[in-house]
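Across the two complexes that follow, chain A remains constant while its partner is chain B and subsequently chain C.
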Partner chain A sequence: MKRHLRLFALYFAQYTKVRLAYKGDFLIAFFSSMVATVLGFGFVWVLFSKIPKLQGWSFYEILFLYAFSITPLGLFNVVSWNLYEFGEQYIIQAKFDRVLLRPVSTLFQVLFERFRLESFQEVVTGLGVIYICIIKLNLKWHVSDAMWFAVMVVCGFLIYLSVFLSLTAVSFWFEDRVGIVPPVFNMLTFGRYPLTIYNDFIQFMLSWIVPFGFASFYPTTHFLGRQSFRTYFYLTPLVAIAFFTLAVAVWNRGVLNYSSTGS
Partner chain B sequence: MTSAPLALPSLPTRNRSAAAQQALVYAEFVRVGFINTLAYRLRYYTGIVTYFIYVSVYYFIWKAIYAHSQRIEGFDFGQILTYIAVGWMIRSFYYNNIDQDLAEQVVEGKLAMDLIKPVNVQAMYLARALGESAFRLILLTLPTVIILFTVYPLRPPRSVVHFLAFFLSSSLSFFIVAGINFAVGTLAIRLKSILGLLRAKYFLLELFSGLLIPISFFPHAFQAAFAYMPFQYISYIPVLIYLGKLNGVFILRALGIQFFWVVALISLGDGMWRWSSRRITIQGG
Partner chain C sequence: MPPIIDVKDLCKDFRTFRRREGVWGAVQNLFVRDRITVRAVDRVSFSIERGEMVGYIGANGAGKSTTIKMLTGILVPTSGRIIANGFVPYRDRRKYTKELGVVFGQRTQLWWDIAVVESFKLLKEIYEISDHDYRQRLGVFSEILSVKDYLYTPVRKLSLGERMRCDLAAALLHNPPLLFLDEPTIGLDVVAKDHIREFLKEVNRVSRTTVLLTTHDLSDIEELCSRIIIIDRGKTLFDGQLADMKARHARYNQVKFLLKDRSQVGRLGEVTNDGVSCNRLDELTYVMRFDRAKHSTAEVIRSLVNRLEVKDIFVEEEPIEEIVKRIYITGGLSA
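Then we have the complex of A and B:
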């Protein structure tokens, strides 16, 4: 564990140096990425200029939910770069051979070989918007709330990671992905609005199959003082750990199945 | 696999006048764009699911909103649902990745290959994108239209004339998007990595084109500013024509402005290319 932490620090420092070699380039990426994130809020903002509430949720409550969904997602985006290109880069081009030669966990290497540094702005933007919402909604937060908040952000991160890690691991069996990731990625949008507006099927799916609800909606209801989903709130860490364990198991099973393309 | 029946015959290029020969060259790029996309056709099957998910999210949002109101900004629920669904349908056709393609060519140093071809680079990119869109029309737009009309209570176009005008209008949308994408893509030549910029452009187009929410829902200051920008002519205007919210001379006027933007953006792209291509650095290659 200690060794992995040290390695993580080294990987991170190394990659940061690579990225910052072109400072202007990085700044443009950072700020344009921030503009993109802020534009993402545009729909909610325009919508609420015409309507007072969405199923009992006010503008700042929806904003809180939306911001909460992108905060752990930002953390995930920082490390997910290689997941998207895993099939192409590591399997088809057989970069995975090199990964296997090193005495460090394969998953660790694949996740931390590259970082999408500009995605840290999503975390910053998300937290900033949540802070504004807390003030506007006049929420009284105790230290324990802040601690739960941190726990929930980590859980959300683990849930996003688990879902996409499982999908990525599929490329160990089927080299030519049919592109199952984009539709699931787009399901993230469901998590940005109250789960209760959807029909039962979608609510079930977002809770127990692709548990994005646990990464945004259920935690948010608690922080906004809505008590109807209390049980789900406290279940969140369990769901996150369960799905993460499952994803790692699928990954490890996949690694055993790996055979090099031999190039 | 069975790509042969869909592959268009290769076109003979000898014994033609210069202009016809030029046209044939670009027709060949259209064909190449079509065939290249064919190689990735599996992705388009999941693309249908993706578009279905997009529309479904907004279906539930608007359904919750219209539980308490009959009309908002002149739209009843059936109209807003049709507005959103038709918007995504035409997006499945007009969408292209010219900007990303250009950026990739720059990063991988392959731009040199574009430069040595005796063709207009912008026309080549547009032609390939047109081939890709022709492909999308058959294998993405058509199934998406069928599924969405089956699942959701969508309205048909206001009339045959409205439909024809809508068809023409959304074809012009393709050229507006392609024009914007090429112009933005040329920025990669000077800025190198523009993926962040492209992401910002992506969200800007989604919002300002009216794809997510009708332009008439925006605050007035925004609407006034949008009148001088090409974005609403990508999605908002074609769908208003479909719904019959634009009529007669106003349709003609809208098509005229769309055409103006096509010409303006393609000229802009041409200028940007000339400006940037003087400073090309080829990385390796």
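Then we have the complex of A and C:
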């Protein structure tokens, strides 16, 4: 564990150095990421200039939910770069050979060889907006709330990671680029609004199949003082751990199925 | 002491499906797939002792790389057993690779964008090399591989020869007892090749590192290995000492000679009789090739000097390429 932390720090420092060597490139990426985030919040604002409430949720409550959904997602975006290009880069071009030759966990290497540094901006923006919402909604937070908040952000991160890791691991069995990632990616946006506005089927899907609800909606209800989903709130860490364990198992099974191409 | 590599009945199948051609074929592919199983490695067995340098050779697609990939733990065997350095490679991957060096001539193991020395520093952490050992080994490699000159260059800017040296240094930084090299001299010029061969000999001599290498350049084998294993279509055709292979499979000897002057050329026909062929190398240099079973070298030379005026004579063994080619063609049966 200690060795992996050291390695993480080294990988991160090394990559940051390379990335910042191309300053212009990084600034453009940072700027466009920022614009995308601001536009997302702008959409919520436009929506609420037309309607006063959404199923009993006020503007700042929805804003809190939206900001909570992008905070763990930002963390996930930082490390998920290689997951998107995994099939192409690591399987078809057989870069995974090199990963297997090093005495370090394969998952560690794939996640931490590249970082989408500009996505840290999403985390900071998300936290900032949540802070504003706490003040505007006059929420009384204790230290324990802040701690739970941190736990929930980590759980959200693990849930996003688990879902996309499982999908990425499919590349170990099907060499052809699988078209399943983009639709699931689009499902992320469902988590930005109260789950109760959807029909039962979608609610079930977002809770137990692709549990994005646990990464944003259920934690948020608790922080906003809504009691109807208390059990779900406390279930969140279990769901995160269960899905993560499952994803790692699928990944490890996939690694054994890896068939390196070419000579 | 048990052998450092012990391979028994190793097999690897690849399952794939036949793709139909054209647009209609692509549509059919969506619904019906003809599965085919290709056996890339077929019941290969061998064992290698500590400190040996073994050449693993075969034509393209013979199963060399597949074997190496199973030995390094990249691929899981379909059946059979590998014990290497006391580990089952794919199962004990992390413990095994910690004591393993691998170089693929075709692609680098280093990080593409960062300076060579930064890659080395990462490897130092990955393999948990002590400061003392790291400095000492880096010093040695800088010296004999002359990597010193480009330690601060990013890998992507290195020439193939420079990159190869860095890859070798990287693979040996943790002083592994076992080293796999897959075509380590591919695409290199004569000087670079020589450099790398000398380095490998040195490493083998000093650290008793066991080396298994695949190559298409058989002069690598003659320079480095006393033992070779020949594989074709997934099966072992020959496994033994290089000298044994020559003794058992060499069929021809060669006598190269230099004529005294051009007037002798017209009389060449007199020395070529049954089983003795004669080929021109340049204006006055010719080479006679004959079956060792039918003619003795002495007899051939005698008839040559009796009939022609010759300035120089060199007796040569059949080139190893020719012998290996014959083993491929006959499937190793021409004893």
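Quick notes on this one:
To be clear about the criterion, the second predicted complex is superposed on the first by the 261 of 263 C-alpha atoms of A that agree within 3 Å, B and C clash if a C-alpha of one lies under 4 Å from a C-alpha of the other, contacts with A are read in each partner's own complex, and residues count from 1 in each chain.
The rule we apply is simple: contacts are C-beta pairs under 8 Å (C-beta built on N, C-alpha and C of every residue); 3 or more make two chains touch, one makes a residue touch a chain.
What you see is a predicted model, and the numbers here were worked out from it, not measured in a lab.
When both complexes are overlaid on chain A, the residue A:V143 reaches neither chain B nor chain C.
Taking chain A as the reference, the larger set of touched residues comes from B, when chain B and chain C are compared.
When the two complexes are overlaid on their common chain A, residue A:F30 makes contact with chain B while staying clear of chain C. Contacts of A:T189 after superposition: chain B is touched, whereas chain C is not reached.
Of the two partner chains placed by the overlay, only chain C lies in contact with A:R3; chain B stays clear of it.
In the superposed model, A:F43 lies in contact with chain B only, and not with chain C. Within the complex formed with chain A, the chain C residues making contact are 14, 60, 64-65, 69, 72-76, 90, 93-95, 97-98, 100, 102, 104, 106-107, 109, 111, 113-114, 118, 121-122, 125-128, 182-183. Interface of chain A with chain B (complex): residues 22, 25, 28-33, 35-36, 39-40, 42-43, 46-47, 49-51, 54-55, 118, 176, 178-180, 182-183, 186-187, 189-190, 193, 197-199, 202. Looking at the complex, you find that chain B touches chain A at residues 42-43, 45-47, 49-50, 53-54, 56-57, 60-61, 63-65, 67, 69, 72-73, 191-197, 199-200, 202-204, 206-207, 212-213, 217-219. Chain contact summary for the complex, chain A toward chain C: residues 3, 6-7, 10-11, 14, 17-18, 97-98, 100-105, 256-260, 262-263.
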